[in-house]
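The same chain A turns up in both complexes below, where it pairs with chain B and then with chain C.
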Partner chain A sequence: MSDKAQNILIKIQNLHKSFPLSRSLTDFVLRRPSKAVKAVDGISLDIFENETLALVGESGCGKSSFARTIINLYKPDSGDIIFKGNNLASLDKANLKTAKRECQMIFQDPYSSLNPRMSIGDMLHEELLYHHICSKKEAQTKINELLDMVNLNKDTAERFPSEFSGGQRQRIGIARALAVNPKFLIADEAVSALDISIQAQILHLLQSLQRSHGLTILFISHDLRVVHYIADRVAVMYLGKIIELGTTDQVYTSPLHPYTKILLDSLPSVDPRKKSSVPAIEGNLPSPIDIPPGCRFSTRCPNAKPHCFNDEPGFYKVNDDHSCACHEYIA
Partner chain B sequence: MIKLKKCKQLNPSLLAGLTIIIVISVLAFIPGAFTHYNPTDIASDSILKAPSDLHLFGTDNFGRDIFSRVIYATRIDVMIGIFSVLIPFIIGTTLGLISGYYGGKIDSLIMRTVDIFMAFPYMVLAIAIVAIEQAGLWALFLSMWLVSWKEYARLIRSEVLVVKNAEYVEAAKVLAYSDFRIITRSILPNVLSSAIIYAASDVVMCMLSGAAMSYLGLGVQAPTPEWGAIISGGKAFLSTAWWITIFPGIFLVVTGFGFSLIGDGLSDILRKGRA
Partner chain C sequence: MNTAKDTILKVDNLKLQFSSNGQTLNALNGISFSIRRGETFGFVGESGCGKSTTSRAILRLLADNAKITDGTIYYNETDLLKLSEKDLRKIRGKEIGMIFQDPMTALNPVLTIRKQIFEQLRDTKLSSKEKEIVAIEIMNKVGIPLPEKRLNEYIFQYSGGMRQRAMIAITLAGNPKLLIADEPTTALDVTIQDQIIKLLNHVKEDFGVSILLITHDLGVVGRMCDRVAVMYAGYIVEMADTYTLFSAPRHPYTKGLMDALPKLPQEQTRNEEMKPIPGALPSLSDLPQGCPFVSRCQLHQTLCQDQLPTMQEISPGHFARCHYFHKLEGCTGLINCTKG
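Up next is the complex of A and B:
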């Protein structure tokens, strides 16, 4: 992957998104400053065409907020999302509809991602016509093709979401996303609600669809084994920022950031006698309302130096495709 | 919304309720087929007659046939029940959808208006409207519409707040659907069931308060037959001519019971349909 000439599909520049907390009357009277959850705190990231980029991090680090900001479910506070030369953060309505069609999403919870009152056929029919993918006459054939593509029977179209299992629903979710011929697909914890055998099926399906449709996938997960299996590149996120980015091999074989090291080491080993080389991570994720000064990982880092608590590290390029936000790697 | 094939067997309460209401509706549509007496004809030779072959439910103090009055009143009472629910249902649902979906200032505005109407006692409002307008069917409807839309707005809003965060609504947004399409196609079908269930019981309440208004002389005016008005007219003769009040009372109770059964049956079906 990395040796090919790569075109950038989406360029994200210094993206910020925070959610203000509601202020009580006493806060207002006492003139306490208004607080906000900084879910996405300055992310810059290039996503290349046809790659699978995995975004990993623990719960609450802002992965989903990041995804929802890219796809315009949340309006970004600042920063740019350049998709095929257009800035999604400031696009007029007509062009936004086309741009939005090309960015689709697969959701985490297969039980709430389908409208319980709409049959699968009606759902697909609606989006095909809304985006002028095909004519009314061709719709039925197109729906059958889509269902066939995700290995579901034709009679699926007449049935309602409540009649399907989690894995089948996730396939329907994939069919819904691909019906409008997107270029870019976000899979937000798309397999984490499924059991392990179904996970493998869905991952295989995603891989083959990526090849056949020329998709670019942003795969969000907290499951490092799944990521290792599917991703070309991995971005590690911590408290609203990306702290390490590299090809999957680089990140898994020679992780740079102490957080990544600990994260990989926490994976259960096949050999029960193998002792862990790094100490287990302590404490919880700090609150995204009060992000620690200096390096945001300093409060939990086993080898934090005094300056780590004061200076925020930049994002240093360690080698070709591998970068990291840690003072250790200042060039 | 509900596919008929999905509920192949109607549940017993819905079936019983529908049967009652169908019978009542037939009475309302063709009252002339069941009685040859004119409900407003006064007959001085047959005053306060007890039920007999000639007058099935007896006659009142003007010699009018109670059976025919009760049958002719069905149309007005069913109309009061249905129309005093339908309009607030539509208005309240629309406002509730807007309030819940958009939130913010619009939400505050609508909900504070609801609070104002909540604070207003219904009968006082009704009397005020009658004072402005003339007492009659129109004033009755107006007062009912003004008081009952708020319940639907609150009910729908609270359901929208839950549904609008569902992932299928996000999926609709990702597909760049317009707000109108998202509200009508993704949200409305999923929030409507509780409002429908409430409406079925509200029909009963509206019929009863319609009858109560007529009983107080604020609603339908004499000599138009209306169950509440007939009961009101018979109250002076309660000890001597019980048939004047009993029969319209029974019809009121049975119709109310029918609508309640429909509401009960609908709630079973609609709740089951929820995944």
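Up next is the complex of A and C:
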């Protein structure tokens, strides 16, 4: 990190996004309050230029919703997203188009994000021309380059999304996002369906784009091995909030939050002789519909004290670049 | 052909082609393996090598442009490839259940999750109250919080990992005897992955369900599989019990795959770098006449260019498809087995 300039590329301020649950007629008649899934429940975060920031956290904690809200695919309930000094909500049409090109996302679910009626060559062609990345003449060469980059044969360009394997579709999503020379890339579980060898190739590709094009990456992954390998900083999310943020070294070697500690302890070994179970987190996963009062981790925390069930902790800076939302670290 | 009593599934010399844009893609080139009753059999291999196609062929849930050109698939005494569509429907879901790799396309977008679980329970004599209890219990088992509420929702309202778990819940509700699980944990974090692995191991050990597990996660293979097959370009290139494969890989592709795994701070023994295997899978429309791995193999000689190696049994139960497997003697994979 130290060798990278610390200019803020994206500033996220107190972002909220919730999804209302459908109400039944009985709910209405009985005047039960309407409920909502609080997917993003107040996130503030600075993402620096040219860094890889990893976002990790339990399934369903709100990572994809957060990502989609950052790039305006979901309208935030409240909060601001400042990209290169400008509030995304107040851009005019032309600037919005540029911002849209500059912020790309590799979607967790590649198939639903691809048009089933378009061959992948045509799809890439359209992207390239729409964003004026290259001329019509150069497009074919560029498409071949892109396919090669993600390790697909160039004779696959004529095929339709349904004619690919799961991991190949994921790589098509990667090629599409990279086609338009983004500045900021959100990779939502972008290598989760790939075998280790191809994972390594894609990660090397991202690293080299970072060096050559100054790419900034928000890397969402549940694979703590891969995160350790690629990230400069790590943000840990729990039930809609970021509860720990630090450099990769800090988070992996001296985690602060009890949740992060448990997460790192539960890393599986690859040795088949150690079938013994990893220590899972105690207690039931609370729901983002009813977020516990006080500290949101209190219901499962091994060190919870009485006040943890009542007071929500702030986000305390414990060391340089290392912060955590736990009462234990109150300054 | 009869299958041995302890075998639940036997696939023999399965060949399958896709036709696409006037090209013929040789996706499966003579796949043979069998799964014993109560065993978990794993499939690993490079993205695009044919794992999902093999599993879809078993239930004949193939794309329109796919054609099985050779081979047999026996489920117990039944040749699945000869079965009528009507009889096959009796097998799907109840005898052989499948957790698909892509829940978004496999699940019904306009039915609530509850309806889809109930659908699996239609032939049981349960009352709707009991079905509700079963549905809630099974959603709890896959770790979906507040199931009473969440059963009312549709698949698009779920997160990636929740979709995968809903897929698992719906498949398990059918109570299959053979479970095909295609990358069931790719979208899951370690703690929930752990819960799912325990659930599947429990289903296997306590209900005698056999499992065909497709995964690229070698950690999951280690915790679940009794035996493993490694696939490459539509061929099985190595097959052994998990311990043998992890400690003594004898195909250069398997070895390369294991070398690519990055290490964690607490693992001093692993390599620092993630080393991809250089090169790419050959085009399925233009497979080399010799070994499919030849262009990427460090051991290759002229023989490899000319002649497809056969599967050789190099020690009891350990097969490899390599002319020069003995050059890997002494090589260890993910685990060091000097202690034996």
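Convention: the second predicted complex is superposed on the first by the 274 of 331 C-alpha atoms of A that agree within 3 Å, B and C clash if a C-alpha of one lies under 4 Å from a C-alpha of the other, contacts with A are read in each partner's own complex, and residues count from 1 in each chain.
We adopt the following convention: a residue touches a chain if its C-beta (ideal position, glycine included) is under 8 Å from a C-beta of that chain, and two chains touch if they have at least 3 such contacts.
Note that the structure is predicted; figures quoted are calculated from it, not measured.
With both structures placed on the common chain, the touch criterion links A:Leu194 to chain C but leaves chain B unconnected. In the superposition on chain A, A:Cys103 makes contact with chain B only, not with chain C. By the touch criterion stated above, A:Glu244 is placed in contact with neither chain B nor chain C. Contact with neither chain B nor chain C is seen for A:Asp77 once the two complexes are overlaid on the shared chain.
Looking at the shared chain after the overlay, A:Arg176 reaches chain B, while chain C stays out of its contact range. Contacts of A:Glu51 after superposition on the shared chain: neither chain B nor chain C is touched.
The wider contact with chain A, measured as residues touched, comes from C rather than the other of chain B and chain C. When the shared chain is aligned, no partner comes close enough to touch A:Asp41: not chain B, not chain C. In the superposition on chain A, A:Glu126 contacts chain B only, with no contact to chain C. Residue overlap on chain A between its contacts with chain B in one complex and with chain C in the other: 108-109, 111-112, 162.
Residues of chain B touching chain A in their complex: 1, 6, 166-168, 170-177, 181, 185-186, 189-190, 273-275. Contact residues of chain A toward chain C in the complex are 19, 21-22, 56-60, 63-65, 108-109, 111-112, 151-153, 155, 158-159, 162-168, 170-171, 188-189, 192-201, 203-204, 222, 224-226, 228-229, 252-253, 262-263, 266-275, 277-278, 280-281, 284-287, 289-290.
Looking at the complex, you find that chain A touches chain B at residues 68, 71-73, 96-97, 100-101, 103-105, 107-109, 111-118, 126-127, 130-131, 160-162, 173, 176, 180. Across the complex, chain C meets chain A through its residues 18, 20-21, 23, 44-48, 51-53, 63, 65, 101-102, 104-105, 143-146, 149-150, 152, 157, 159-163, 165, 182-183, 186-195, 198, 216, 218-223, 225, 242-243, 246, 256-257, 260-265, 274-277, 280-281, 283, 285, 334-335.
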